[in-house]
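Some structures are shown below for you to check.
What follows is chain A paired twice: with chain B in the first complex and chain C in the second.
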Partner chain A sequence: MKILVCIKQVPDMESRFKPAASGVWYDESDLAWRMNEYDEYAVEQAVQLREQLGEGCELTVLSIGPDRVGEAIKKALAMGCDRGVHVQDDAAATKDPWQIAAIIAAYAKDQGYDLIFTGMQSQDRGSAQVGVTVAEDLGYACATTLVGFAYDNGTVTAKRELEGGIKGVVKLTTPALVTCQLGLNVPRYPTLPNIMKAKKKEIQAIAVAELLKEEPLAATVSFHPPAKKGGGIVLEGEVGALVDQLMGILKEKTTVLR
Partner chain B sequence: MKALLIGEYREGKLLESTYELLGFADQLGAETALLLVGSDSQLPAFGGTLYLADANQCGEYNPDLHKQLVLDAVQKENPDYVVFLHSSYGWDLAPRVAAKLRVAQVSEAIGLTEGGFEVGCCNAKMRRTVKPTTAKAVITIQAGAFPGLQPGGTPQVQKVTASVESNVSFSGYEPAEAKDVDLTRAEVIVTAGRGVGKKENVPVIAALAKALGGELGASRPVVDAGWVEHSHQVGTTGQTVSPKLYIACGVSGAIQHLAGMKKSDFIVAINKDKDAPIGEVADVLVVADVLQFVPALTTKL
Partner chain C sequence: MFLDLTEEQKLIQDTARNFARAELEPVAAGLDQGDDREAMLVNLKKLAKLGFMGLNVREEYGGTGAGCIAFSVAVTEIARACASTAVTVSVNNMVCEVIQAVGSEEQKRAYIPKICSGEFTAGSFALTETGAGSDPSGMTTRAVADGDSFVLDGSKIFITSAPYAGVFVVWAVTDKDAPKGKGISCFLVEGGTRGLIVGKEEKKMGQHAASTNEVIFDNCRIPKSALMGKLNDGFRTAVTELAGGRIGIGSLGLGVGLAAMDYATRYATERSQFGQKISCFQAIQWMIADSYTELEAARLLLMNAAFRKEQGKSFAKEASMAKMFATEAGNRACYNALQMLGGYGYTRDFPVERYARDARVTTIYEGTNEIQRVIISREILRHFS
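Showing the complex of A and B:
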């Protein structure tokens, strides 16, 4: 059994984002990077399946980007992936979801993966397209937004999260691709021995030009902060004074304080 | 300009959100046709062509077959845009259609601008303007971003069907967990977000809720981490609330959360991050450390 999990490295979302000189994406300086949160659930689910299946199962983690994404790949290896693939692309951020999916599909097409895991979306771009598009490119069965996953003998039983807390139960025949929602599992923290072991695992480097043959289908023409709606009051300062100010506002504007 | 809209139907009901698609098309100034996998006993009220497939036959979730139905309707209508809600149905189906058509998809549009479509990014903190470079494009629109069109009129129904092989089969729905807390009736809700730091800090937030005679709410990450029970979750996949006073403590303001609370009468947000998207809906944003500010407020009450 061969499993692939695809991850993206994204900035910490607490960061202050500034437009880059290009005006179409964020400036990457002074950002702290981490694994996309949705992808942590994908890696955890893939590792759990790897543990369930035991010997004879190989789990590969793939990421696309500049050198820094090596850190995200190493984390996934320390969580329990067997090997890494780093598609080297300094300009990954300028690619549209169609191209990112094409890169992954071009890599995966002759590898015979039975199952592919991705996050349901990235925290920075949030298009929620790449996973499904990879499945379409490869002709795999696909379901999105998983909050439940079980695998038995070529069949995935997935629970999809729907609006209002309802779940849809879906069965997929492998080869299949699933996209993972927050809360699917509890992603593990890599332990020190596993971090040390991960250093010995192979990370295969592939130049993006070897995989990408597709032109983009959409263009980002601007990256900017939201227009301020105004109206809201912003209170800043020392805590005691803030409490008094807020109490005053609540007494004036609401009926809950008397 | 022409738009093919993909309506939504679940558990035997036409979803109201279908009218948001019509509202979007109206803003776009597009002629519309609608495709719905639903029932002829619940037709959407609008004057236009309705391609209607029977949900009993085609399934409510059957993505390979629904994809074929959309592709068939695209063939007939030759639309400029194929429009879905950015919902569990829409974000699942839209990329399949876009991939088969080899056209751009713009995800979760929240507005129209001269240069293209406005979408959120970076956890809703920033915006992008996206422009399809293909002749046709698939668009998904954010729930609530485009006001629904008033229902009215009778569609010209064309019944359609399709049959395809699929390796995806739908087994049924699992109901939402029973709610032991009915947040929809609370006059005051004080919500704990990820910014509270750890489970041990949740009682600090609960104490403020109690002092105000209200209920404790929770954002998704706090529930996922097991700090607070799911029955307290506010947002698209939790409860939708509109209390007299909503206090968000350390909640960044993901769009799914905002959708569940933005209709509250008065919203106070307490957050260290002045740029957190919760600030967009807050009447008052207190820029402070939740763990310092909240206990100080509670003691004053």
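Showing the complex of A and C:
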């Protein structure tokens, strides 16, 4: 059995973000980086499955990005992945979800993965498109926003989170891809001996140009903080006129009155 | 010159930080106020399972083999959340390291894996006595050879972790007629040994969850094989091998100082007086600038000492410099942080008074800072004479 888990390295969400000079993404300097939270659930679930299946199962972790993503790959290896794939791309942040999915699919298509785990979405771009697009590219069955997972003999039983707290259960036959949501599991801390052992695990480096043949479908054109709210409107005058004025504003500019 | 941590060291720092935030910080204030110590002991076991008790210990003895820099950054992260847990982790690591450095193969295999795995909650050093603090060579606890045993008699004070220690590294006089410091030997005594009595727990100013006790040896019979290192060579072990512990305590002081300043700085950006945030006042800005600069200098001194130790170079002077500076910078940071919080800083509703009490002992234990200055100046003066 071959398993792939795809991870993204994102900034610590407590960081102060400011737009980069390009105006289409945030400035990456002086940020602390960590593994995308949803991808940690994906890694944990993949490692649990790896432990369930034991010998004869290989778990690969893949990440796309500059040199620094090596640290996120190392963490996944320390958590229990067997080998790493680092798609080297200094400009990964500017690629749209279509391209990121195309890179992963191009890598995975000849590898014969039975199961692919991804996070539900990234904490920075948050498109939630990459996992499902990879599944589509590869012709895999797909279930999203997993909060429960079981695997037995080629069948995945996935508990999904629906709107309003409702849960749904779907069964998928491998090959399949699942995207993981908060509540699926509690990611383990990598033990220190495993952090040291991860140093000896293989990380295959692949240049992005070898995998990416697609143009972007949805290029980001602007990245900016929300506009500062304007000052409030101060109404003055006699009470009767004020009420009329207020009613008018509420009808025109809000949905409070129709 | 390469001043960044390696990927492994960063991951260890990260793991320590995440664990400290999730598991240690939520219970730290309660432990300080006298909550059942059990919460800390449970966390110590978890830290052992993760590999934090033998950071600079070889894998064959159950250690992590991650080195001294990793040890330093881990202790700092743990101390940011809970100084009591941090001092226990630091001492456990040093007990493992001393046994690894001086112990026989049997002793290493008997004790180091048990501390590293958490089977032993802790290990303890039993060096200090009522009349032998900064001058341990003045100790009076004695070990008398008797057949195939030694018999220990005497008492020790300020012994960290004594009630839950699985093994004690004990120093005792084995040749009372030898010149000062030449007749002391080092022994490994298991917790629960008949005649080893854990005495009263000190009521301390801070670091409340870490137990500090008197330990009494009353006709305590231990096998000859309990001797660690050479007979009458124990004092040298105490003064040389314990230098690494100073890196641990310096790292702890740094962690507490960072916790205090991080808290106070965030507070200063929220608290308004005279119609503006107090972080807009130069008086506050200077405290922030001074303390963070000192803490950064402390970090670099610690990294330098740890790096030298890892490289197998002499590091006693550097470890003393780092311990002295980091613990004093940590205390000054706590003083400034408390000042920044004003009256609130003096109350138990805010964590800064706890940090200030926890930091205070770091200039005293693991060798007072006055003794560190003696070591530093002696090393320097040697090159001028």
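We take it that the second predicted complex is superposed on the first by the 227 of 258 C-alpha atoms of A that agree within 3 Å, B and C clash if a C-alpha of one lies under 4 Å from a C-alpha of the other, contacts with A are read in each partner's own complex, and residues count from 1 in each chain.
In this section, a contact is a pair of C-beta atoms (placed from the backbone, for glycine too) under 8 Å apart; a residue touches a chain by one contact, two chains touch by 3 or more.
Just so you know, these numbers come straight off a predicted model, no measurement behind them.
Using the contact criterion defined above for the overlaid structures, shared-chain residue A:Arg16 touches chain B, although it does not reach chain C.
Touch criterion not met for A:Ala241: it reaches neither chain B nor chain C. Contacts of A:Pro216 after superposition: chain B is touched, whereas chain C is not reached. Judged by the touch definition given at the top, the superposed model places A:Ala207 against neither chain B nor chain C. Note on chain A: of its two partners chain C and chain B, the one contacting more of its residues is B.
Of the two partner chains placed by the overlay, neither chain B nor chain C lies in contact with A:Ala150.
In the overlay built on the shared chain, the residue A:Gln129 is in contact with chain B alone; chain C does not reach it.
In the superposition on chain A, no residue of chain A contacts both chain B and chain C. Residues of chain A that touch chain B in their complex: 11, 13-14, 16-17, 24, 26, 96-98, 101, 120, 123-129, 132-133, 135-137, 141-145, 157, 159-173, 176, 182-183, 186, 216-226, 229, 231-236, 239-240, 242-244, 246-247, 249-250, 253-257. The residues of chain A lying in touch with chain C in their complex are 34, 70-71, 74-75, 78, 189-193, 195-196, 198-199.
Within the complex, the chain B residues that touch chain A are 10-11, 61, 63, 86-88, 91-92, 94-96, 98-100, 102-108, 115-116, 119-123, 125-134, 137, 166-177, 187-188, 212-214, 220-221, 223-224, 226, 230, 233, 236-238, 244-245, 252, 265-266, 268, 273-275, 277, 279-280, 282-289, 292-293, 296-297, 300-301.
Remark: chain C residues 7-8, 10-12, 14-15, 18-19, 49-52, 55, 59, 64-66, 70 touch chain A in the complex.
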